[in-house]
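Presented below are the structures under discussion, each in the form of structure tokens.
Shared between the two complexes below is subunit A, which has subunit B as its partner in the first and subunit C in the second.
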Partner chain A sequence: MADWFADNGLLLGLALLDGISSAALIFMVAVGLTLVFGVMRILNVAHGSLYAIGAYTAASAGIFAASLGLPAWASLPAIVLSAALVGAVTGPLIETLLLRRIYDKDPVLQLLVTFALFMILEDVQKLIWGVQPMQNDTATRLLGTIDVPFGADVIPFNAYQLLLLPGVALTVLVGLTLFLRRTLTGRVIIAVTEDREAATAIGIDSTRVFLLTFTFGAALAALGGALSSPTASVVPGVGASTIVLSFAVVATAGLGRIEGAAIAALMIGLGRSIAVYFAPEFEVVVPYIIMVAVLLVRPQGLFGVAVTRRV
Partner chain B sequence: MSRPGGKQEALLALAGAAALVAIAFGAPWLKFVLTIALAKGLAVLGILLLLRAGQVSFGHALYVAFAAYVVAFLAPLVPEALVLLPLAALGAALLGLVIGLFVSRYREIFFGMMNLALSMVFYSLLEKFYHFTRGTDGIRVQPPRVAGMALTRDGYEWALFGIALGLCLVAGWLARIYLASPMGQALSAIKTRETRLEFMGISARAALLFAYVASAFLAGCAGAIIAMTTRHVTPLLGYWTASGELVFIAVLGGAGAVLGPFLGAIAFELVRVYAAATLADSWQLILGSVLLGVILFASRGLWGVIEALLRRGRRA
Partner chain C sequence: MSVLLSARGLRLAFGGVRAADGIDLDVMQGEFLAIIGPNGAGKTSFINMTTGYLRPQAGSIAFDGQPILGLPPRKIVRRGIARSFQLPQLSGEHTVLENAALAVAAHAGFWSPWRALLRPEYRRDAEALLDSFGLLPLAHARADALNEGARKLTDIAMAVALKPRLLLMDEPTSGVAASEKMAIVETLVRVLRQAGVTAVFVEHDMDVVARFADRVAVWSQGQILALGPAAQVLEDPEVRREVIGIEAGPLLP
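For the complex of A and B:
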């Protein structure tokens, strides 16, 4: 065992750091997915596409900013602005034109509708951005690397992934929790989540809450994508893998659980990055092994509440 | 509401089969397209069984791809189509049983997404274990003998077309019997009120598991036929877009009757032959838009249109 650590300690350290930064990204997508599900009871299959669109928009915006001759630090606000833009445009469009028509339909039809939207958005990306990988790593280079002491070794790791990504994820987690618990709008959202009928009965406009929540969820997905763009190139198909990965997180945590999603994202992000370094063939399988293992023991997820079945 | 009776449906099926044979004679190059369409129709019939229970699987291409790879691996060892096909389909059914034992505990969102996740895992395993599956290059399938005979190219194509058509007729007939039986009726009960089913002493999980294994078997038949017809298997057979296509065809054809999947599959493949090459980059976009249109405005699909015509004809 000690020998193993001597040989592989450095790899393990890298895997941990990588895992934390990828967990931060997965969390931002998953938390939007779970929030939207909690309020609207619709699992948005197209949520991963919003992540991809956020990533593409941020990469384009960064390249555009550089072409204008703006300084390198401008790529950071460009990321946030792109995410806000994608959320503000796609969210209301999708909610009012599409989802609003299907709230009273069969669950299977709701799933099919968001799946159709997913198919459409996957090609919209190809039509706008083409099929060539896109990357703009200005932001990563801007922040440089930090030497992380690990045992006897030192791992140089880039500050963007080490500090910025987990920092933003934590801010989202704390901010969202405070927003939901402390503000009026947040409490209204919780009320609709808990009992839509009762909430409507006491005068809450659930239409407005749905619109607000969906737009916010879309913006979170886009933020995850936008933040990922400086670390990895954006390629077609990223939307599909993102939705299954974030679904794995949401299901592991329990549908609708926000703090749970953070822990599940950490488990799955670490599991996956450890696999990347030690058994690369199994990288894609690990998240689902974790999910299946959790669901076999707790079918409602780690933090989910078991629901009584409808009669 | 009056529905076309069983006799009428059987007549329509036979007339449709005769029309397909006539088309295959008249335009020999369409034989290939029709064989693929019929194979997909089989897989979609499986999706229809699950839709009856109100469940949708976004990952059934997994079973198509699995059976196709079984054919590709076994073809050099047992070069006989009539052995390869049942072997591959049974293999898919067995895999369906193992996965089904797990996913039959879940409904709706979980059911759909679990299937999607598992199929994506299978896809990436096919892609990554290069030394075994040759990755995205895929494997060439040697044309097997049919009933012991080594056929010419044309004879082989006819044989596969015949096998596919025969299988579709038998599968459609069996599916009708199954859906009318108590086990099949239990599926509709899962969709409406699952608890009532349990109160009657019927296990909803067992009813769904049976339908799931049957759907995996049907998808396996489809995969085996596709592998023997195209004679080249790649991981793309199991990609999510392939699963999406199956769901698309099911909704397009209409889930109301067993003819729907075949109607949908033939319409889909014929349009695709002409459209997909020119519109490769916007193909999913078109599929998605049509899917939305059908769900929102014509939820009974192509079969619903025909059913309405038949009813009007009978009234006149």
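For the complex of A and C:
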């Protein structure tokens, strides 16, 4: 055991740090997906596309900012602004033009519609950004590296992934929980989630709540994508792999569970990055092994509540 | 007395079941009207049609002279018709006060994303509301910890927070312990009279009907079998046999 650590300690440390930073990104996407599902009962397959569009937009914005000669720190607000812009544009468009028409329809149809939207958005990305990988790591270089002591070793790890990503994810988790629990809008969202009829009976406009929630969820997906862009080059297909991974997180956590999504994202993020370093051939399947293992024991997910239908 | 709500020729069928088969009904300003009848007679459907949750296949409903059929539920609420549910849908993880404050805030109409749920004026109005229902001692209890009677009252209090002119209640005392029923009815009579709210309620308990109702409408298979002053309808031999039949015991105090 001690020998194993001496040989592999550095790898394990890297796997843990990588796992935490990728968990932070997965969480931001998954929490948007689970929020939208919790409130609107629609599993949005196109959620991953919003992540990809967020990533492309942020990379373009970063490159554009640099071409204007703006200082390197400008890449950070550019990331946030890109996410906000993508959310504010795509959210209302998709909700009003598409989703609003299918809330009362069969779940299979809803799935097909959002899948169609996903396919369309994949092509839209290729149309706008082409198929060449895009990279803008200004933000990562800006924040530099931190030496992380790990056993006998010291791992130099970039501060962007080590501190900024988990910090933002934690802020999203705490902020969202407080928002839903303490503010009037949050309370209204919960009321609509729990019982749409009862909510409209006291005069709440559920249409507005759905629009707000979906836009917010879209912005979270875009934020995840935008934040990922300085750490890896953006390539076609990133939306598909993201949505599949977020589905795994959301199912593991239990549909609609926000805190659960944080734990599940951590499990799956760590599981995947450990596989990357120690058994790369299992990288792709590890998230699903975790998901299947959890669902075998708890079909409703780690934090899901099995509900019996009222009436 | 003037007519507050006027339904004419309502027809609604689910498959072969007739929930409304030519319903004509006037609800008078200020009265308490009870709807009684067997399960499946269409009593709840009447509430659902009046509040915009069900669309009749034919007929019209006017509130205060204005047609309201076709309006979505939340617009009907704004016109002054509120409802409570047979199964109260309170948020279990919130307190009674927070549930009531939501209705107060919903009535106030404007909400900005960051506004606190318990901002002072919402809290004040919600507390006054709970006080009038005798619920203030339970204000900080979680809604899922309440007994059925308190849940029903909280649900009705939320409807009253909307300052309705007409309140439709679906079985306000069902599921409530027999010993608590009359206390709930007394509270409702007091609060609704004080607020000047006209009430229509579906009810199975004839003691409650006798205490609460000014008039009674007897529903059967989507039709109104009898309609009149409570004392008269409840003593009607045919109504007693057809509708109340199995409910033994004296009806009027």
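By our rule, the second predicted complex is superposed on the first by the 308 of 311 C-alpha atoms of A that agree within 3 Å, B and C clash if a C-alpha of one lies under 4 Å from a C-alpha of the other, contacts with A are read in each partner's own complex, and residues count from 1 in each chain.
Everything below uses one rule, namely that a residue touches a chain if its C-beta (ideal position, glycine included) is under 8 Å from a C-beta of that chain, and two chains touch if they have at least 3 such contacts.
Treat the numbers as computed from the prediction; the structure is a model and nothing was measured.
In this superposed model built on subunit A, subunit B and subunit C occupy separate space and fit side by side.
Once the two structures are superposed, subunit B and subunit C can be ranked by residues of subunit A touched, with B on top. Contacts of A:68 after superposition: neither subunit B nor subunit C is touched. Once the two complexes are laid over each other on the shared chain, residue contacts for A:97 go to neither subunit B nor subunit C. In the superposition on chain A, A:297 makes contact with neither subunit B nor subunit C. Between the C-alpha centres of subunit B and subunit C, as viewed from that of subunit A, the superposed structures give an angle of 90°, to the nearest 10.
In the superposed model, A:195 lies in contact with subunit C only, and not with subunit B. Contacts of A:204 after superposition: subunit C is touched, whereas subunit B is not reached. This overlay, made by fitting chain A, leaves subunit B and subunit C with a least C-alpha separation of 16 Å. On subunit A, the patch touched by subunit B and the patch touched by subunit C overlap at residues 310-311. Here subunit A touches subunit B in the complex through residues 37, 43, 45, 98, 101-102, 106-109, 111-113, 115-120, 122-124, 126-127, 131, 240-241, 244, 247-248, 251, 255, 280-281, 284-285, 288, 291-292, 296, 299, 309-311, going by the rule given at the top. By the touch criterion given at the top, residues 51, 53, 72-74, 77-78, 82-83, 85, 87, 89, 91, 94, 98, 102-103, 105-107, 109, 111-117, 119, 122, 158-159, 161-162 of subunit C touch subunit A in their complex.
In the complex of the two chains, the subunit A residues touching subunit C come out as 179, 182-188, 190-191, 194-195, 197-198, 200-206, 212, 310-311. Residues 51, 54-56, 58, 102, 105-106, 108-110, 112-113, 116-118, 120-121, 124-125, 128-129, 193-196, 240-241, 244, 247, 251, 281-285, 287-289, 291-292, 295-296, 299 of subunit B touch subunit A in their complex.
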